[in-house]
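Here you go, one structure.
Labels for the chains are A, B, C and D, by order of writing; each one numbers its residues from 1.
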Amino acid sequence: MLRRYFPSLGVILAIVAILLCLPHFYSNQSFLFNMMLYLALAEGLNIIYGFTGYLPFGYVGFFGAGAYGAAIAITLLHISPFFGVIIGGIAAVLIGIILIPLLRLSGAYFAIANLAASQALYFVVANPSLEKITQGPYGIDLSSVYNADASYYTMLGVLVFAMLLVAYMRNSNFGLSLLAIKEDQVTASLAGVNVVKARSIAWMLSAFVAGLSGAAFGWYTAVFYPSTVFSLDVSVFTIVFVLFGGIGTVAGPLVGTLILYSMYNFIGISTPQYFQLFYGLLIIVLVLFLPDGVASILQKGKVYVP
Amino acid sequence: MNLFAYTIIAGIMYGVFFGLVGLGLNIIFGVMRMINLAHGDVIMLGSFLAYWLYELLGFNPLLVVPVAVAVFFLVGFPLYYALVPRLLRSKDPEMLSFILFFGVSQVIEAVIIFAFGNNQRSIPFNVFGSAGFDIFGQRFPIAWLVTTLVALAAFGFIYWYLQHTRMGYATRAVMANRDEAMISGIDVNRISAVVFCMGLALASIAGIFSFFIIGASYPSMGPELTTVSFAIIVLGSLGNPLGTILGGLIYGVAIMFMQSYFSSWANILPYVLLIAVMLFKPEGLIGKAARSA
Amino acid sequence: MCPNGKHLLKVEGLVKKFGGFRALNGVNIDVREGQIVGLAGPNGSGKTTLINVISGVYRPDGGSVEFDGRSVYKLPSHKIVRMGINRTFQVPKPLAGLTVWENVKLGAVYGSREGNRRETVRQALEIVQLHNMKDSVSADLTFAQQKLLGLATALATKPKMLLVDEIAAGLSHQELLWIAEMLLRIQKTGVAMIVVEHHLGFIDTLTSDVVVMNAGANLFRGSIQEAAQNDEVVEVFLGR
Amino acid sequence: MSRLKALFIVIASAILVFAAVPSFAKKAPKVITIGTLYASSGPFATSSTPQYEGLKFWVSQVNKEGGVFVKAFNKKIPVKLVAYDDQSKTATAGMLYNQLITRDHVDMLAADFGSVLTSVAVPLAKVHKVMLFDQTGTAAKFFTPDNPYVVLCSLPTSGKWPYALADFMIAKKIPRVAILYASNDFDQSQAVTLHDKLVKAGIKPVYYQAVPTSTSNYSVLIHSIQATKPDAVIEFGFPNNDIAFLQGLQASGVKFKMVFTIFPGQLFELLEKNVGAKALYYTYTYPTPPLLKYEKVDLGMGLSQFEQAFKKETGKEVNFLNVAGYNTGLIMQKTLETAPKFDQLAFRKAVTGFSGKLMTLDGKFEVDANGAQVGEMLPVAQFVPKGVGGIEMHIVYPPNMKTAEAVYPAP
């Protein structure tokens, strides 16, 4: 029964082994951290987009909610940063629960409404009248609990959690029921699937991953502003990485992120417009010629992608 | 009281302009059932065209209008035939077009940064003369009046096109039901291509005058404008071009009131409006009757 | 057949509106355990709407629906399915990206929640004779096979009652005979059915108990022979 | 037991010797590497790019003379600048600062422009113990007793900026004051200072409002302000806010006796290009070099010399941020010239050593114990018409720097 999980677990173990060893050979920890961050976000987005077809353009809303949830817990309630990260995840789930009604909207309408929701959340957090709680637009300072190594391994933990979730989705009946909802809600519910419940759970899990990631990022960065953790670039990058890699598998988003984020790091940072132009063109080409991403090339050749 | 009157009048002028901002997005949606996610970037392109012609050749923004229309018809046709028919044949045109136009928007932004850098650009308000004009004892810059008149003219044109031309009649048929229109012998692709170009041209016209209402232009202003435009057309009612003006007016007056009385919360308004309308009144404020027409 | 079994489904005064139009306008129908009821009527008389409402695909606007002594009125589909009602579609809606096996498995896992799931899936596929295609992607099936797949998925939820919507449409005579025989076999396992059909001959092979609908209400109930004698029924079918 | 002890001592001393050897043998590096970031795009590009050019100019100047004199090695060593583009994004900036420290192993860090992009560097400098020369990031919260690794090179922390402005308004006895500020740390801290100082002097502002930093249309706000009938309107914003505010003011035809904005005094050309000289007539600002001219300096070039040399090298007119960038270089130069040892805390000590004793083209360099700038206080200046369509600036406060009397109320 558990044997079907083996390929997915193999991929996860390989990633973990690499990320545990690499810091000893490669000193740019910050690059590795950001890579893990986007890997986790890509898997988190995969949970909702890959398995239910809802494209969350406002995914960064959960990321920001996580960063702020954790920061508020750490600065106001004096909770240890590690538990702060978990609280960040929970904060994102709470936002997710508030936004559940958006799942009634279909396709592009959902995408835009979700984008609007993330922007609204950003403006609420950044509003100076909430300065006592969120520090308003003036930013969060966590330098007193700054710990690069601890937050690095916390992020690795979040990544492992996200990958395990997707592995579960990929191989379980629950994942199958989500794929069914994505194909046809009526047919799925006539097979006995509780559509509203299943997609809400997927939505909240996806939010949880983004919240944890945002919280770990906040801890690692130590000083951040609303505009940092609610930057639309977070959504955009994650979506592009996932689209490129391919959805619905554990490996697809990983491959997409590893390739594109490395590329971003080497060409994007010195001349960001080149990268923007590149991924803009890449999206157009993908939509027209390879709408299911790189992984679909293998799948068309009947190769199993974990 | 003075402030109240000013707020209302300013809100109406602001709103008419924002109707124009949403108009191009709405007619494209009406005919093609696609959301042009690069809409805000086309507005940005219009403003950069105006800026460039003003700086280089001293063009008055009004003179840029015909140039913009010509440019976007020339660009729009090949773009339509290169992208859209292929999309319509795919298994999920709505979602794929959404993502595709997102890619287009990123390309536009990157190219403009290459060409112009990422600095803010603006055309001075006094390009139409430095005199102000008075409405009910309130003084407004002349540039606002010109902008409002241009926006009204654009709505007038669309009304005339839809109601009084043969092609407009066919366009309405496509808006009502694309498949039936195709069966009844209308060249749906040609109509769509023309309307697509029209939508782009209208967006660029909004861009030309955006300096006077929105403020300075910069290459990355697109996505925010797209969201605001979408809020406006959802408010008005999706797929009903003339309804856009209602959405614009509500948005304009509301944002002016927010700025006057709750200024620090003003920027949250379009997003909250958008979500509220989508969840509670998804058919838009004009409702079904206007939509099925 | 056991026409004297106890009441399984009881529909009373059911109403469904689309805007101002009343697609169902007070429908009454009851079905006993293990009974097959044929449902006939002209296009637009509300047959498919009735099935959509009973199975929870549409929300009703009035009346009552009782199943097995409990109300299923306004319940969501998955709850109705788990109580023992399932259906097929006139135009099949398989989960196109999933395999035949996965389609049916979903029903076994979420719809019935009992017994050996593997066995349930295998049996359902054997009844509709799709077992040899279990690893095919369902998008690759023919139209008729997709209909059968829908039936198998429904069977995997172990229903006490099946709502069969125009299963005969577009099939050859041979296939019709085979399907009729299969439905009768399913009935023998204790499954009641409402069989919506244009094709009165097909209904005749299944049951002598027919309900005729017109304009969103039931017009007649009795045998096909009686229906043929009824002036109103004849008028409805032949047009005014 | 004693054998074990002896072994332990041998090992321990071996470790000590090995650990100590590198520090004895520390050779002079071939180049001094200085890491910095700049933004080629995004909201800070207009400010960051000129600041970066100023720093680059300093590098080319010292290298022309064979490098910077490093006291620890008693010789001149060339300077190498390692710079990355953060696109005005804090997330990217954080990653790049880290890269400068951990991969490029720079000897000193110079921050990017402004508080937002500097903020992410401050904790990194503290954690990795690298001196951060903060160029224009003026948030007071960067400078804390537990972090010796940050020094603010030009401009005081933003909360201190409006000191002279407040005194000016109190001296002028302006009764009705409106304060409108963009909600960010930089502007809010100034608004709070000004508000508190005025209230203390018995002037309660009639209007005191925050608006989002993204505000781009001020016309309605200007009318709300007008409704409170103020004499003076103080607008604190970023350059984009100031441009939009001045444009709105001009377009609406509303007049106030006194109008103050921040950035005409720092980015005069940008403002003039966008709003026109006319819109600036009789408005007030904080003057900074090159509008403020410091010619007698202890180190580097005086302002006029700098203006000429910079123009010759880059073909551009000098603005304040060019001066700030160049000034950062000078502070680093002075640090290397005076630090007796080549390590980070010695650098910091050296800065404290020359604090208050160094005059550059940016004014008097003086930092407090936490590294915050207290020397370069900002006076108040007013723009007045000059000839046909021309404009010039007078310093109107404080009295010891005054070049002309303020024209108040504005005609």
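Brief remarks on what is shown
Everything below uses one rule, namely that contacts are C-beta pairs under 8 Å (C-beta built on N, C-alpha and C of every residue); 3 or more make two chains touch, one makes a residue touch a chain.
Bear in mind that the values here come from a model prediction, so they are computed numbers and not experimental data.
Contact with both chain C and chain D is made by A.
The most central chain, judged by C-alpha centres against the centre of all protein C-alpha atoms, is A.
With every chain reduced to the mean of its CA atoms, the largest distance from chain A is reached by C.
Spacing of chain B relative to chain C, judged by their CA centroids, is 49 angstrom. One simple way to say how far apart two chains are is to compare their mean CA positions; for chain A and chain D this gives 37 Å. Centre-to-centre spacing of chain A and chain C amounts to 43 Å, using the average Cα coordinate of each chain. A straight line joining the Cα centres of chain A and chain B is 32 Å long.
Among all residues of chain B, those that touch two or more other chains are 113, 264, 267.
Annotation for chain D: residues 40-41, 183, 210, 212 touch two or more other chains.
For chain C, the set of residues that touch two or more other chains is empty. Pairwise chain contacts in this structure: A-B, A-C, A-D, B-D.
By the touch criterion given at the top, residues 35, 83, 86-87, 90, 92, 94-96, 98-100, 102-111, 113-114, 223, 227, 230-231, 264-265, 267-268, 270-272, 274-275, 278-279, 282 of chain B touch chain A in their complex. Interface residues of chain D facing chain B in the complex, by the touch rule stated above, are 40-42, 45-46, 183, 209-212, 214-217, 219-221, 223-224, 227, 240, 243-244, 247, 250-253, 274-276. Those residues of chain A that touch chain D in the shared complex are 27-31, 34, 123, 126-128, 136-139, 141, 143, 146, 148, 217, 221-225, 227-228, 231, 233, 269-273. By the touch criterion stated above, chain B contacts chain D in their complex at residues 2-3, 6-7, 10, 113, 117-120, 122, 124-126, 132, 139-141, 143-144, 212-216, 219-220, 256, 259-261, 263-264, 266-267. Residues of chain A touching chain B in their complex: 53, 55, 101-102, 104-105, 107-109, 111-113, 115-117, 119-120, 123-124, 127-129, 232, 236, 239, 243, 273-274, 276-277, 279-284, 286-288, 291.
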